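Quick heads-up: structures coming right below.
The following pair of complexes shares a single chain, subunit A, combined with subunit B in the former and subunit C in the latter.
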Partner chain A sequence: MPRELTLKIFRYDPSDPESKPCFVEYKMEETPRLNLFVALHRIRENQAPDLQFDFVCRAGVCGSCGMMINGRPTLACRTLTAELPETITLAPMPAFKLIGDLSVDTGTWFRGMSERVESWIHTKTEFDPEAEEERMDDGTAQKIYELERCIECGCCVAGCATANIREDFLGATGLNRIGRFMLDPRDERDSKDWFELVSTDEGVFGCMGLMACDDVCPKELPLLEVFAYMRRRMSQVAAGRAKDDAGTSLPVIN
Partner chain B sequence: MSKEVTHPEGELMASKEQAKRQWKLDAISTGTGVFLAIFMWGHMFFVSSILTGERGFNWISDLFEHYWLAQPTLILVTIVFFVHFVTASRKIPGKLAERKRIKKLGDDISKSQWNISDEDREELEKVRPHKETSLWIWQVRSGMIILALGSIHLFVVMADVVQRTFKLGEGLGINAAETMARVQGGMWILYAVLLYAVEVHAGIGLYRVTVKWGLGARIPIIGSRITRKMAHQMERIVLWFFLIIGFVTLLVMAGVIEPPLEFLLTTDAD
Partner chain C sequence: MSEIITTDVLVIGAGLAGERAAISASAEGNEVIILSLVPPRRSHSCAAQGGMQAALGNCAKGEGDSEELHWLDTVKGSDWGCDQEVARIFADTAPVAMREMAHHGVPWTRVKGGPAEYFIKGEKVTIEEPHEKEGLIMHRDFGGVSRWRTCYTADGTGHTILYTMDNMVMQLGITVHDRMEAISLIHEGGKCYGAVVRCLRTGALKAYLAKATVIATGGFGRIYKYSTNAIINQGTGQSISLDTGLVPLGNMEAVQFHPTGIVPTDILVTEGCRGDGGFLLDIDEYRFMPDYEPDKQELASRDVVSRRMTEHIHKGKGVPSPDGEHLWLDLRHLGENHLRTKLREVYDICMYFLGVNPIKELVPVRPTQHYSMGGIRVNKDGHAYSLNGLWSVGESSCWDLHGMNRLGGNSLAETVVAGMFCGQLMGEWANKQSLELNSGLATEAIAEQQLRIEKLINGCAGEVNENVNNLLNEAQETLQEKVGIFRKGDELEEAVVRLRELYKRSLNLKLSSSSKGANPEMALALRLPGMIKLGLCVAKGAFLRTESRGGHSREDYPERNDRDWLKRSLARWPVGAEEPEISYEPVGLLESPPGQRGYGGAENIPMEESVSEYNDQVKDKWIKEGWQDTANPLGSGLKEMVEYASTKES
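Right, the complex of A and B next:
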């Protein structure tokens, strides 16, 4: 006997002055291996053609379908309804601008973060298209890749109480991005440059250690280890004992 | 990156200086917190001397006051206590709506329901249980209780020590008889609440400090790296250890039970 699911979905269209934020209930029969991606599409096809939500890859890679599922920020496409009770509450992620219903604008937030972090390789070396690319140590490349796996879904920001109450906080994903460039030997920013960016209240010392980012990250990035490493390294800078090891001592892969 | 920012006080402050200031504040709040936690362990150890009876307790308090150990420690701890309050409380959001937001988010994530068996839960990392945001709220609450009750406690102890040091009144200083009379006279409520608040506050605080600063670092001698799970287990052990010792000590002081270790200091001459 299949379960009858009740999906309580947050509905609100900020562009419509008539619209009032509310939760609307949709009922549907559960089918085997149903995930929320399919469930939401069924609701849009059969019950609410104007329901807004974001999806692209449906495989946990694009990071578009982050939403609050029963109060927890995670990816809808990777969530099977069988894992949830019969009543499922869906709300848009907080901390981002609401586009409508379950759809939020993570793009503007991430663009702003990238600009503040200056999320590109800073180098004075002139690019020579003819030259062979410089080789990178395999261990370093793997560490960078580990942090590069972030899909920018925004779950860590939505789950972070600090990011929820402070617009200027870089969030776990922003700090992780800094960690990624700290590791990169091609980036010529030194510890003192990083200090200005990381050591403020918007950076790692604004983090209250609530650890929600680590618990909700769908890609299971080693976020807390990166932050602990940053705190230790920034303390060395503040104490005037900075070692410019380009982050190679960061133990992101055990 | 060398942008200039306006300091709340109105003057321009280079971002580097501001960064250094934030680091300093965080380091001070962490350092004072760790100091107070370690002090509390020592404190608990010495107060629990009452478990060996009044004689053991008085011997230690006499020793501390006679050799001028209690006086400077008391002044230092009082200063550190308030410095910790000032630097740590800067993280508490000023607006009620913000504090409510933290609580709501923490509660929502920790209570989010997932219909999963415990075996599957181990594998499905996305339903990692989360309670640290709610614990932070409890850290703030316990901190406020400690600020109020701890101040009273510090004042009472200071009065005792001052009396003895400057030979005012009876000048007995910290002693078992007076302390027990005080506890039995109703102060046990204050001490029970304070004890619980301190252990919870210090437990959560040390767990958070370990995760914030130590994760991934190698433990000397053992060589393995510090993990969050490790920090959490340590916190549980330390919390229960001191809670149990603390409450047994309090029961002895309240006269509910006899000092269980009295035989250690009992001689045939008694």
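Right, the complex of A and C next:
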């Protein structure tokens, strides 16, 4: 016998003055390999055509579909209902501005974060179209890629106690982004630049150490190690002991 | 009160092609606004796992590579349906584009000198990678190529390029308005003035007026029932261009089916699986591809592999399942280390979406709609036919380096190359124009869309009110069943009739919900008639093309026919018409005369005229079809090349 699922979904349209936040229950029969991408589209098709939620790739790579699934922030597209109890509660991720129902404005948050950490290669070298590409050790490239894999889904932000009370906290994703550029030999920012960026309460010292970010990251980024490295390096800079070594690697990340 | 926003250049779509074009236009001194359905980094470009073709020739198996070879592989891959001049611009520009992305931060996988292990044609081999190339951009093998040429970042090429590109956009301070959808183009007297745009946060309409409007909205795979495309790839940019009644869509019948969509859910696993040595197996776990394609085996071009797989399933060798028949992809011999690093995304997809561990188990796959070779027909600068000021780059366009079949790794490369090359020409062009603030025209265009919206809410008096999802499902099923990998005249005709009827019905849609803001049912209802129109362009184009070429395969016309069909179709939809009008133009100047691809195995009907006779008619026919003036004289790239080649010979 297939299970009958009950999806309790948060509904609220902030643009409609008559709309009141509430949970609405939708029932459906579970089918083999059902995931929440398919389940939500079925609800939209048959029961609630105006239900708002965000999916793009539906393959776990674009980061659109972060939501609170039974209280835990994760990607809906790759959540199989078989892994959940019969009653599934879906709510929008906190810490982001609500657009409507399950849809939140991660785009604005992430562009803001990226602008603050100046998420681009800082270099005085101009691109020379005639020249061979600058060489890079493949090991270094792989290490950069390891941190570059963040998909900006926002799960770490939604799960973060600090981010939920401090709008300006860069969050694990922001610090991971900084880590990515610290590793990159093409980026000419030095220890002093990084220090100004991260050793604040909006940066690494705002973290309360609960590390939910590390638990919920769907890409399993080494966030714990990133934080540890960042704190250690910034303490060294503060103590005036750090060499100006922007290109060194995070020793704990393999 | 409706809002009117002005800018020099309006880019619709913030994937790789759109963002790269915006960067070029900005570098030329233009103010640029990018619109996007979703935050830019969520664009479908991010999902490309495999890589980008560029003839850098850095690794051992890429030795001796050149732009010339890349060009020739591309022309062959297109089944001689491409514009060879554009293919040359593409192949020549690709290496610079890759290096530029390296400069701006892409962590490309790099060459490691010394012995490296690969699987090639089923054999484990050790190849000595050149120490003198240590640290340069590495390549992997892909289908239909003569050298290893695909530049990649482990398993996340699209993701890393898109993030780097979006970083560049931020660094330059280019404005991006996300969750915005262009729902019609504003045009008058053969000139494009911008677009009417619906906000997907609030449902409000705005007009964006610009000197140049660039469409970079990607493919339209979602008109099919089973597609690897992201769910936003509904062809919005192609639809609004077709709606002008002026702009033609080129080669819409050329649809690519990728050999390895997983079953169910249709998520793509990369060609890199086969490039890195994966096998295709049938119900008996027998490796069948070498029987069909002894030379290229699993790595023939995508159209050929997809057809061979379908052929093999038709022979009763498919694996039955509740979600339809499929074949197996075998990656087990590549080993855990390879699958968890270079093909990690594939590993994750199999584990999360199928519960299948590819280290130990076989992966269920079948050919799935993947890429739209057709799109907004542009000249070699990227300027749309017949509508001055409208441009298009990337998958939404038919620039046309892919012809009737695209090679793996050429589309991702095209986004950056076209964005760079066409974006610069577009930026220079925009600099010479003056911004015309025709607010009357803008207000009128908004009012027209407002009327459409009200009609969708209220329905049509005296008509049957149609349901959005029902019509969409019917259209998708029709295309899937009758306009798929193998096509037949009678089925195609049925599809045309059916889609024509669905299109008529789509003009009587009524929403079943009443929420006022960014109602997703409204968004779909606004798109639906356009999606069916695109489907009709595909079906009618496929019905009329009585040959088999590249991705278009007719069971009733199995030969490639160079005598009658060395042509590109152009679909226009006159305002108020019930179906598109199809005309034809030559594929372009021929440098490489049509020949054998060396895979695929079909017969050809040869050309009757000489290449020079064919080339003589090209320019006149292009102009007749609405070709815009180009920045460089027609054929100049080819002529230089021919002159260069002759000096080398002498």
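Simple rule for what comes next: the second predicted complex is superposed on the first by the 247 of 254 C-alpha atoms of A that agree within 3 Å, B and C clash if a C-alpha of one lies under 4 Å from a C-alpha of the other, contacts with A are read in each partner's own complex, and residues count from 1 in each chain.
By our rule, a contact is a pair of C-beta atoms (placed from the backbone, for glycine too) under 8 Å apart; a residue touches a chain by one contact, two chains touch by 3 or more.
Just so it is clear, the structure is predicted and the values come from calculations on it, not from any experiment.
Once the two complexes are laid over each other on the shared chain, residue contacts for A:I144 go to subunit C alone; subunit B is not touched. In the superposed model, A:R42 makes contact with neither subunit B nor subunit C. When the two structures are aligned on the shared chain, A:T200 is found in touch with subunit B, with no touch to subunit C.
Of the two partner chains placed by the overlay, only subunit C lies in contact with A:Q52; subunit B stays clear of it.
By the document's definition of touching, of the two partners only subunit C reaches A:E133; subunit B does not. In the superposition on chain A, A:K8 contacts neither subunit B nor subunit C. When both complexes are overlaid on chain A, the residue A:R78 reaches subunit B and subunit C alike. When the two complexes are laid over each other on chain A, subunit A has residues 78, 118 in contact with both subunit B and subunit C. Looking at the complex, you find that subunit C touches subunit A at residues 38-44, 46-47, 56, 96, 98-100, 102-105, 107-112, 134-138, 153-154, 156, 159-160, 163, 166-168, 170-171, 176, 178-179, 201-203, 230-232, 264-265, 267-268, 322, 341, 345, 348-349, 352-355, 468-469, 511-521. Those residues of subunit B whose C-beta lies close enough to touch subunit A in the complex are 1-2, 15-16, 18-20, 22-27, 91, 93, 98, 101-102, 105-109, 111-116, 124-130, 132-133, 136, 208-209, 211-217, 225, 228.
Listing the residues of subunit A that touch subunit C in their complex gives 13-16, 32-33, 35, 44-45, 48-52, 54-64, 78, 80, 99-100, 105-108, 110-111, 114-115, 118-121, 125, 127, 129, 131-138, 141-142, 144-145, 148-149, 151-152, 184, 186-187.
Residue ranges on subunit A touching subunit B, taken from their complex, read 68-75, 78-79, 82-85, 94, 118, 159, 161, 164-165, 192-193, 195-201, 203, 205-212, 214-216, 218, 220, 222, 224-225, 227-229, 231-232, 234-235, 238, 250-252, 254.
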